[in-house]
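In order of appearance the chains are A, B, C and D, and numbering begins at 1 in each one.
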Amino acid sequence: MSILVDKNTRLLVQGITGREGSFHAERCMQYGTNLVAGVTPGKGGEKVFDKVPVFNSVSRAVKETGANVSLIFVPPPFAADAMIESADAGVPLVICITEGVPVKDSMYVMRYLEGKQTRLIGPNCPGLITPGAKAKVGIMPGNIHMPGKVGVVSRSGTLTYEAVQQLTTLGIGQSSCVGIGGDPVSGTTFVDVLKLFNADPETEAIVLIGEIGGVKEQEAAAYIKANVKKPVAALIVGQTAPPGRRMGHAGAVITGTAALASEKMKALAEAGCHVIPSPAEIGSTVRAMLASRK
Amino acid sequence: MKLHEYQAKKLLAGYGVPIPQGSVASTPAEATKAAEQLGGRAVVKAQVHAGGRGKAGGVKVVSSGAEAAEVAKRLIGSTLVTFQTGPQGAPVHQVLVEQTVDVARELYLSMTTDGGRRRPVIIASQAGGMEIEEVAKTHPDQIITEPIDPAIGLYPFQVRRVAEALNVTGEAARPFAMLLNACYNAYMEKDCSMIEINPLVITKDNKVLALDAKVTIDDDALYRHKAEAELRDKSQEDPLEVQASEHGIAYVKLDGDVGCMVNGAGLAMATMDIVKFAGAQPANFLDVGGGANEEKIAKAIELMLSDKSVTQVLVNIFGGILRCDVAARGLIAGIEAAGRQPRMVVRMLGTNVDEGKQILAGSGLKISLVNTLQEAATAIAAK
Amino acid sequence: MSILVDKNTRLLVQGITGREGSFHAERCMQYGTNLVAGVTPGKGGEKVFDKVPVFNSVSRAVKETGANVSLIFVPPPFAADAMIESADAGVPLVICITEGVPVKDSMYVMRYLEGKQTRLIGPNCPGLITPGAKAKVGIMPGNIHMPGKVGVVSRSGTLTYEAVQQLTTLGIGQSSCVGIGGDPVSGTTFVDVLKLFNADPETEAIVLIGEIGGVKEQEAAAYIKANVKKPVAALIVGQTAPPGRRMGHAGAVITGTAALASEKMKALAEAGCHVIPSPAEIGSTVRAMLASRK
Amino acid sequence: MKLHEYQAKKLLAGYGVPIPQGSVASTPAEATKAAEQLGGRAVVKAQVHAGGRGKAGGVKVVSSGAEAAEVAKRLIGSTLVTFQTGPQGAPVHQVLVEQTVDVARELYLSMTTDGGRRRPVIIASQAGGMEIEEVAKTHPDQIITEPIDPAIGLYPFQVRRVAEALNVTGEAARPFAMLLNACYNAYMEKDCSMIEINPLVITKDNKVLALDAKVTIDDDALYRHKAEAELRDKSQEDPLEVQASEHGIAYVKLDGDVGCMVNGAGLAMATMDIVKFAGAQPANFLDVGGGANEEKIAKAIELMLSDKSVTQVLVNIFGGILRCDVAARGLIAGIEAAGRQPRMVVRMLGTNVDEGKQILAGSGLKISLVNTLQEAATAIAAK
């Protein structure tokens, strides 16, 4: 099991002939992911890595290769088109790495997806990985991961790698790790991923990594309180950020008391989560949490 | 990207939002002319990217061209300190000279994007002229929100609902509806992140008027709004932050002395947290972003080191899109360009990490290489 | 039972203070329908028929009166707004009588309704009636109806009354009669209503009245063939209309062989329907059909 | 409402669709001038609301201004009979004089609304210059359809898909994409029911051009397109149909002698069917609509009786929105206005039916009142 990607994943990369797309598509493939196709309009008929066919359109790629996951690296002005093209072609899981997609574009993409079967992760996210199935669909460094029973979900990119690194260093493996991205309007939420981890028999504990800004951590806390019996460790970063300043991406704007790190940590603690006191203590907190369960 | 009041009003007026008569002045003479065109009596308003101008002395009613010149002379070239600017204040280069208006009622109206609903929302309140955050705290029941479905746009029944909640009736109802539609059109077509009209006034003769206006445009969408991108007034921003943003680097100056360079906003915040927990103070927030290249890293280091309050540096790079070898080369180039190298702790992990570490080791620079966040914190605190 | 409207119907009329709205709202009420509210923006606080409260908005009307069906009589430029307002207020069944709604407006309304819980009938339809429950939500003359077991569904307005008149004259009562309207873009389809009649224990036979133009009768035939065990009598009008001329509403344009009366009749016959040979023989055909079942 | 070719092209060009150079001429002199502006060589095209002009002699290539005048003289004021006009033909009042074009390929492109999908669809084919109905019959596989979601509009991947299916590549791909987007914008903003560009040509120098264009606008939306509503050319329609539509009456002239007046399109078709099954021939289709008033009924009767081929009349009114008393009064007024009363069978049922029958009975007119459709048919056949 594990969630979202596994041995059955047939990966399609949109923008595969670009610099980033090409680099990361190869890394995914080298990690063990079944990369079946690439899409770059105008380059249909070519091959990359000597074997992966490139198509002009996602619908053609899906028809020819049975691709069921799409990973997007196209530049921001073309990202909405790429996401909608994959959904239109019936791809059930779409991950958009692209950073800097205009919020209006994302809003129309999300509106289009309402009621559709396609799940979108991102944009502006690192993607996801299931180490036990050797399935990596994203830009995370694969080698820091280790198969195991802890599910990781995070709004951040590099901070997710940090969390994984700390877990792996302590010998704590991961079932799947999902970076949901930090854009103000995006697809899959904390709650969506928590539902999946909660239902996944191969996930025994969960690490949630949040940030200041927005109310998504509070929604996660409410869901955990009501539904999750598995132990959850939670970190909120930005505890020391000065209020009212924009910290990198729009998701990290302090906009009222709910957006404060202290409020989020309070909500998560009340939901029964093990609150991680410092970014340096992710691994140790999870280790203690797992030990207390035994 | 923030617009000045006069720019915001011009943009909104282009969509049909009624605004007061007036013109912008860069000199006392222009202010005189502008006031005289309005018959002498006018309001002179300092143009800065910050609220709270009234209390800070940035808004004055004058009754003649001469008086307008006096106020303009005092304001233009000065620095206005409001509760939103911080102690350094914001420079005034222009004033807006506008007609005075017989106000019957002051309302609050704004549009922004609600990330949870994934839709634009109208936020409105009868408590116009007050900071909405203040109203939200003291009278949350007085604030109404109306989400707009982007698939179909703003519908009349929604406008009627907002008007009813604001008690806008009779003669004012129709111009209010037109104003709301104009705002929505502007919001969507110009990729706005926020439009705020505060106060939106109803005049004694039942006209609806945007007496003040703020517009923020989504930075990520500026590439398709060349005319608006030209309106950027960099003088309103920290020069280092401006330089950083020109290179696609997110940089926020803070009060401490530990320069932090990190890739990724979340890891950057985590790094700042670590520094503070270790008892030191970060000098900045600096995120080079996921897809940084060597030049960008170098520029980030150079910019950070140009801040003389930085006495030590913590670099925390976790390679994903950004490869560690690239980061290492950028780091070296940045130090060279800056011409100085304070004490430096580097923590580097992820894609091509060994190559990165080799490059740093071979550079001859004095750099403490650490492996974990905890070690980084300890190293910084050890100074 | 019966379908869509019954004793539990709490009717709201949008445009109740207009000429048509007022006339027909009163007729619905006189027939026995539970008319609980009217909506006319700007006339909130008034009363019609000495007792029915008028509200400024549908959301207010729903909140105050528990209205669960909305009937729309507003002029064409305001019809889309009225339909969306009712859906936004959560009204589960909306019937739009208004004729002449721009097709683009209907298209946006239908797009808005995708994935929503609201069912729309119309625009440009006569509404629906359940004689046994004394529930009339439309502009049909109530007195021609008679409670019974035959469900009637039709694209046409007055032709539906014709059908009902013929049935009632022969003593054949109706469970519910639904006019789905003739606009090129509209809500509830033949198939939607057939599903309801098929599932309704009080409906024992079905009369379907179609027209030339479009392929909706073929879709109905396919559904009947696959799912409907109850006897269905079907009439197609426009058998003698010259091809290629527009006959009144855009739905009645002959646009290819599928749109021909003969093709539709063929499809319905193949689906096992009793094809009604002439508009004058609706009643007699149904009588024969019912007799053959006994 | 249909537009003439020159009107359709102007509308589309306003959105960025490339069209041939040219101008419309109402006189031979104007045609000469137009051809000379193009250097003498030009195409002269009769402007009528019908396809099939080429085969009917309505399109001529000329090589001088004088020749253009000759063709214009022959066409303007004439009646053009094509397979789409019917035997009565369509009057030519203007010709379009356009540049000739070096055509490399002819494609077919249209947009219309798909009622089943409830969306606009693009219909396209490589078989340009042919009637699409013909292509649909003979080569259905050569037709591609691309539905557009109105919630988000036309996206680039869809344009690429259409272009690929049409084999539009290389230099022509970009102008083709712009043309398709322009068509969609025009289609939605102008409430079109159909835009047809046939042929859409790719020239030898890789330009994309709408060589012919048809645009139909949704009649129900004309109230919000005043400028386009002005473009209506009533001379292209049957005068009785024009008069009828001005009163909101749907009227189609047919070949028989039984005038039919009915409320509701479905019942009107049913009534025509009945008349034919009874062995008679309907003289028209006439639907006064659901919300008819007395004046409208009267006008309908008057119009119908102005057709001298009507020797008997069948009125079939089933009162819903339209009340029978209103219908009866209108009927009487219409007969008076027409000044003649052929044999008349009236069948009336529904709301206020008794009142309606009383009014007719008290009118002193000779009217056969019947109760059922079958009786109506029998009465008509009995003549």
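Throughout what follows, a contact is a pair of C-beta atoms (placed from the backbone, for glycine too) under 8 Å apart; a residue touches a chain by one contact, two chains touch by 3 or more.
Keep in mind that this is a model prediction, so the values were computed, not measured.
Of the two chain pairs shown, A-B and B-C, the one joined by more C-beta contacts is A-B. Measuring from the averaged C-alpha position of subunit C to that of subunit D gives a distance of 28 Å. Spacing of subunit B relative to subunit D, judged by their CA centroids, is 55 angstrom. Counting partner chains per residue, subunit A shows two or more touched chains at residues 108, 111. For subunit D, the set of residues touching two or more other chains reads 149-152.
Chain contacts here are complete: no pair of chains fails to touch.
Listed in rising order, the residues of subunit B touching subunit A in the complex are 113, 115-116, 118-120, 133, 136, 149-151, 188, 191, 193, 218, 220-221, 223-224, 250, 252, 254, 262-277, 282, 285, 287, 289-291, 318-321, 349-351, 353, 372-374, 377.
The part of subunit A that touches subunit B in the complex is made up of residues 20, 24, 27, 76-77, 97, 99-108, 110-111, 126, 139-141, 144, 154-162, 165-166, 169, 182, 184-186, 209, 211-212, 214-216, 219, 237-242, 245-252, 256, 278-281. For subunit A in complex with subunit C, the touching residues are 114-115. On the side of subunit D, the complex with subunit A involves touching residues 149, 151-152, 155-158, 160-161, 164.
On the side of subunit A, the complex with subunit D involves touching residues 41, 56-59, 78, 80-82, 84-85, 88, 108-109, 111-112.
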